[in-house]
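Listed below are the structures to be examined.
Both of the next two complexes hold chain A, though its partner changes from chain B to chain C.
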Partner chain A sequence: MSLIKYLIRRSLYLIPVFLGITLLVFSIERLAGDPVQIATFGNTHITEDQRQRIRQYYGLDKPVYLQYLHWLSELLVLNLGDSFGGGSVSNLVGQGILATLELQLLGLFLSLVIAIPIGIYSAKRRYSVLDVTLSSSALVGTSIPISFMGIAFILIFGYYLNLFPSGGAQSTIQSQYLYGNVILDQLWHLTLPTLVYTFAILAPVVLLVRSSMLEVLRQDYILAARASGLGDRAILYKHALRNALIPIVTYVGLYFGGLLAGAPVTETVFNWPGVGALFVVKTNVLDFPVIQGVVVLITLMTLVANLVTDLTYAYIDPRIRID
Partner chain B sequence: MAETLLRVEGLRTYFYTWAGVVKAVDGVSLHVNKGETLGIVGESGSGKTVTALSIMRIVPAPGKIIEGKIEFQRKNLLAESDEEMRKLRGREIGYIFQDPTSTLDPVYTVGEQLSEVLVRHQNLDKKSAMDRAVELLRIVEIPDPEIRINQYPHQLSGGTKQRIAIARAICCSPSLLLADEPTTALDVTIQAQILETLKGLKDRFNMSMVLITHDMGIVAETCDRVVILYAGQVYETGTTEQVFENPKHPYTEALLTSVPHLALKRERLSVIQGNIPNLIEPPSGCRFHPRCKYAQQICIDKVPELEPMEEGHLAACHFARELKLKSPVTS
Partner chain C sequence: MASLSSRPRKRRVSGVSQWELAWRRLKMNKAALAGLVIVGVIGVMALLDQLIALYPPNCNVGTTPNCPNPGPKPDVWAIGIPPSWSFPFGTNLAGQDVYSQIVYGARAAFLVGIGATAIALAIATLIGLVAGYFGGWVDNVLMRLTEVVLVLPFFLILLVFLRILFTLSPGASGGLLVIILVIGAFSWPGPARIIRGEVLRVREFEYVAASRQIGASGFRILFRHLFPNTLHIIIVLSTLQIAGSILTEAAVSFLGFGDPNSITWGRQLADASEAVKQAWWAGLAPGIFITLLVMGFNLLGNGLRDALDPRLRE
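What follows is the complex of A and B.
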């Protein structure tokens, strides 16, 4: 099957990219400082000799390339190692990734469901009052950084209106659960970050769908479809939308990768227990194994997102052939 | 007297752009009799395509039909509902566009695009629409229709794509076929084949045809009557013989003499000096006067009326009766 061959070939391309990224992060984090120094800072009872012994214990005294090769060989047997602070990296990252994906995928799904109809409507009724309102709001929305929007939402809905919790994924003690139900409580916590994610993705997608639809609606094959007596719905949804989706899929794929990379910021804003927040906490103490683990995961997810993007538009557009 | 299928009277279609109102079609009248082929000739920008799109009522924004009458099968098309027009398009009037590469949707197969029209107009189910689509490909002389039907436009040659566009236009055997420069985008050898196919289909399905072109050679070969458009107005009309052998408008003469002709052995090809005028503020009087070698003061001051020269032969020129215009056909 050509599809399987394509997948294998694409995966082979991913190997050098993956190695490059991990090597880069590996080197940079070691240039950033000495975790032993940070962990023992201000501790007057510890001697330089003892610090050196700790470094030896974790293998931090060896040359960087040897450390990298060792880490890589462990990765091949799916061992991400242990955190300097205790606990296995796989466990830490594994707990975070579900929370991260929950937020990302939900936000992505909701924003597409809302943005595509709005974009189509705006293109169809170009320059109408509603179109101008929607597309200029989308422009404003695109210009607001997601972290700023997050803080603004927390202030308004969490602090002033007190409608939603301002952070976390669930209440700490059982008596605070919303209606005493753990599921409802989690949904309640999920609302605000999801809203922010949705808005953040929504705005640029609206603009993109609108401009992409306008571009397609000018094409001769749309005029030809009208000349064949097809109905407005068939023209708009069957012919125009499918063609307009090609650039949208590309963009959303890339944007999703960008969002994953932005997870450290957003998750910190909402104190969301995902890999992004974990990354920030562990970067502050230079917990190398955990940083590496998160980078591996985000890299893999981004690469997979790109792969899914390629497959999707090959499916939509027959001119892009997979073989 | 032949029965009239389509009659357009005083059609005005304007485009409301930021730069101003473009009077793309400004008072065009013409008619098509049953079974005949009418040629609409003019340079790029003379309003040929907009006239045809107006007949279908699919002028793209910011264009608008602002005045006129379009009578087809004794129905006033400008008074029909949108739904009635949709039923008419593709079923009673077929339309073939200039560039076959851009008029087929790139993401659907040939079969999907043909059967979609059949399903819409003839209440066929998908399976029988597909069978009919294969048959249509055979009718427009495409080899291996069973293979072509499942291919996408980018896998086909320009000539084949145009044949598919033709198949789509005639799939419901319309009584009128509007062919807008159907061969302009194709190789010369393919052009002749496509024209042959069109002629054959016209007879086979008993259609009338409007052939839009800027090629006087094609008109001579294919059309029974011809309308010469310039700057959105009709400047001469008559049977092909009348217009070719005895042109009454200087613009027609210029068009005829600018056709390369082997027998005439001219050193240089004659060209019409200047360009088609700006249609936001067209020239006063006769719109052709800035480019006309016979122009007088009256041509600047007064708009010429379309006047009969002989039975069925009309021309809009102040000097139509006085000028002895040459035709390369008679010389």
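What follows is the complex of A and C.
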């Protein structure tokens, strides 16, 4: 019962935070001045009369607080308004979400599956040759700009070796499909971005698991378990891993929050049709309705992800009480 | 051991400070020393930029005045030349010497890294100290504010800020400053929470209670006792934040939102990526230098954490 109470209380507390954020996002745009004026700045082909008509169409001629309230009420029914470039924001974002989730979830899954065993091994055989090699590669992985890695992969595997396409989510014409199959073709396009993206998320997880395992293995209860004659495997996987996973849960929780933002750089490098690339393109032309919509959706997602993370803590570690 | 005891030994009268002890531990750590050397060498490069560069900033070899082509014909354009003696890292498709541009970009990397970190850590320290020491509603308000900022997708907001700035004033010279300010203004929540946690721990120590007993003011306790005892964490967080800020600048520049008027490694990488098939070397050098400097700060940060945090000592 306390769980339901906790959920209700936390959700109630999220409301003011969310309202504060919508207000902040809304005012960041308005502080810069009239959005129509900014978006069409330096455009000599547009007359003041046309600007006024654009304002009327988007309701930007009304007082600012009415605009905010209108935007907020439409937000409640998930209507994010119309893009300056035409089309509804919800549709634009909706089209990108699938591509983003495909890349993000696959990358996250692969990186966890690879990184956690590596981290455990590194902690178990600390300072062995393999540990030093693996953890230094992970350190390089956290330091390398993802754009650099992406370009290098495209150049080597896409251009010189010609193994994978260098961008996009699928071939433009049917005759170019890999073995004439659309699904194989999409997987083929997915390979390089996933590889780069997995490596980018993997590196910090390896370091995190390693340091967290080392910390846990030093604890007294591990010594006690060893003294009572438990085998290495049982100690490592039953006693240590569960406790060492808490920082990983935090990491994954934070990661899920930003998930909808896509990976603007990766998606742009590989010309991947996700939300991140959409945001970059729309920010370039200052399409404010899209900017606001994406930022608010991501914040909402982050708030929910934080709540889920807190609940997961309590599940993994009974010492953490929900109250 | 007769030989040892017979040697006249000087007794140290003064003790060794905690910083001295930490420095000794840092010196033993090879990875941290490697980080220090990388940061030091690139730092010297940034300071001596005019002296060690081969060509003036942004000069298109062979076309711009005062930067002749070192080959037999001084006015031949040097476009997309692979690495050679005259151009150690080659030239890009604009005919600029990549090595010289790297040297000039080092200063921007340090400016962004250190500037953004100074802002972020100054805010984080103030909020962390005040929230942790005073507790109660002050802590509550400050931590809710921290959560709100933490939830905002700061990278996306940075892009919006920069696009608005460069749209309204295309020749703005303060682009790098805006990048520094925005990274700084949004990067403090994580560090603030860690510093607050440390203050919560330190504040329960007896010397703080003793200080309060003899009538020290809250201000004095904050800056005389709590601040110096959280300084080790602030230093570690700073080095890691510098690394993160440099990577953020690289990403911003790559997406075309960087400052068009400064020479940065991120922009060099972005420019080179458009013509990577013709001149891959123009992108290789900035990519490697960003990685090196970020890794240098990361190594240094990890080493400092091991050297400074007494709880990690084995």
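Note that the second predicted complex is superposed on the first by the 294 of 323 C-alpha atoms of A that agree within 3 Å, B and C clash if a C-alpha of one lies under 4 Å from a C-alpha of the other, contacts with A are read in each partner's own complex, and residues count from 1 in each chain.
By our rule, a contact is a pair of C-beta atoms (placed from the backbone, for glycine too) under 8 Å apart; a residue touches a chain by one contact, two chains touch by 3 or more.
Computed from a prediction, not measured in an experiment: that's the story for all the values here.
*Asks:* Considering only touches as defined above, state whether A:G229 meets chain B (first), chain C (second), both or neither.
*Replies:* In the superposition, A:G229 contacts chain B only.
*Asks:* Going by the contact rule stated at the top, is it chain B or chain C that touches a larger number of residues on chain A?
*Replies:* C
*Asks:* Per the contact definition in the header, classify A:D220: touching chain B only (first), chain C only (second), both, or neither.
*Replies:* Once the two structures are laid over each other on A, A:D220 reaches chain B alone.
*Asks:* Could you look at A:I21 and tell me whether it touches chain B, chain C, both or neither (first, second, both, neither)?
*Replies:* In the superposition, A:I21 touches chain C alone.
*Asks:* Mind working out whether A:T312 is in touch with chain B, chain C, both or neither, as first, second, both or neither?
*Replies:* The answer is neither, since A:T312 touches no partner chain.
*Asks:* State whether A:N243 touches chain B only (first), chain C only (second), both chains, or neither.
*Replies:* first
*Asks:* Determine, under the contact definition given at the top, whether A:F279 touches first (chain B), second (chain C), both, or neither.
*Replies:* second
*Asks:* Classify the contacts of A:S143 with the two partner chains as first (chain B alone), second (chain C alone), both, or neither.
*Replies:* second
*Asks:* Could you list which residues of chain A make contact with chain B in one structure and with chain C in the other?
*Replies:* Residues common to the chain A contacts of chain C and of chain B are 218, listed in rising order.
*Asks:* Using the touch definition up top, name the residues of chain A that touch chain C in the complex.
*Replies:* 17, 20-21, 24-25, 28-29, 32-33, 38, 41-42, 139-140, 142-148, 151-152, 154-155, 159, 218, 257-258, 261, 264-265, 268-269, 279-280, 283-284, 286, 291, 294-295, 298-299, 302-303, 306
*Asks:* Which stretch or stretches of chain C touch chain A in the complex?
*Replies:* Counting only chain C, the residues touching chain A are 144, 147-148, 151-153, 155-157, 159-161, 163-164, 167-168, 170, 243, 247, 250-251, 254-257, 266, 269-270, 273, 276-277, 280, 283, 286-287, 290-292, 294-295, 298-299, 314.
*Asks:* Would you tell me which residues of chain A are touching chain B in their complex?
*Replies:* Chain A reaches chain B through residues 218-221, 223-231, 234, 238-239, 242-243, 316-319.
*Asks:* Within the complex, which stretch of chain B touches chain A?
*Replies:* Residue list for chain B touching chain A: 53, 56, 58, 60, 86-91, 95, 97, 99, 102-109, 116-117, 120-121, 152, 154, 165, 168-169.
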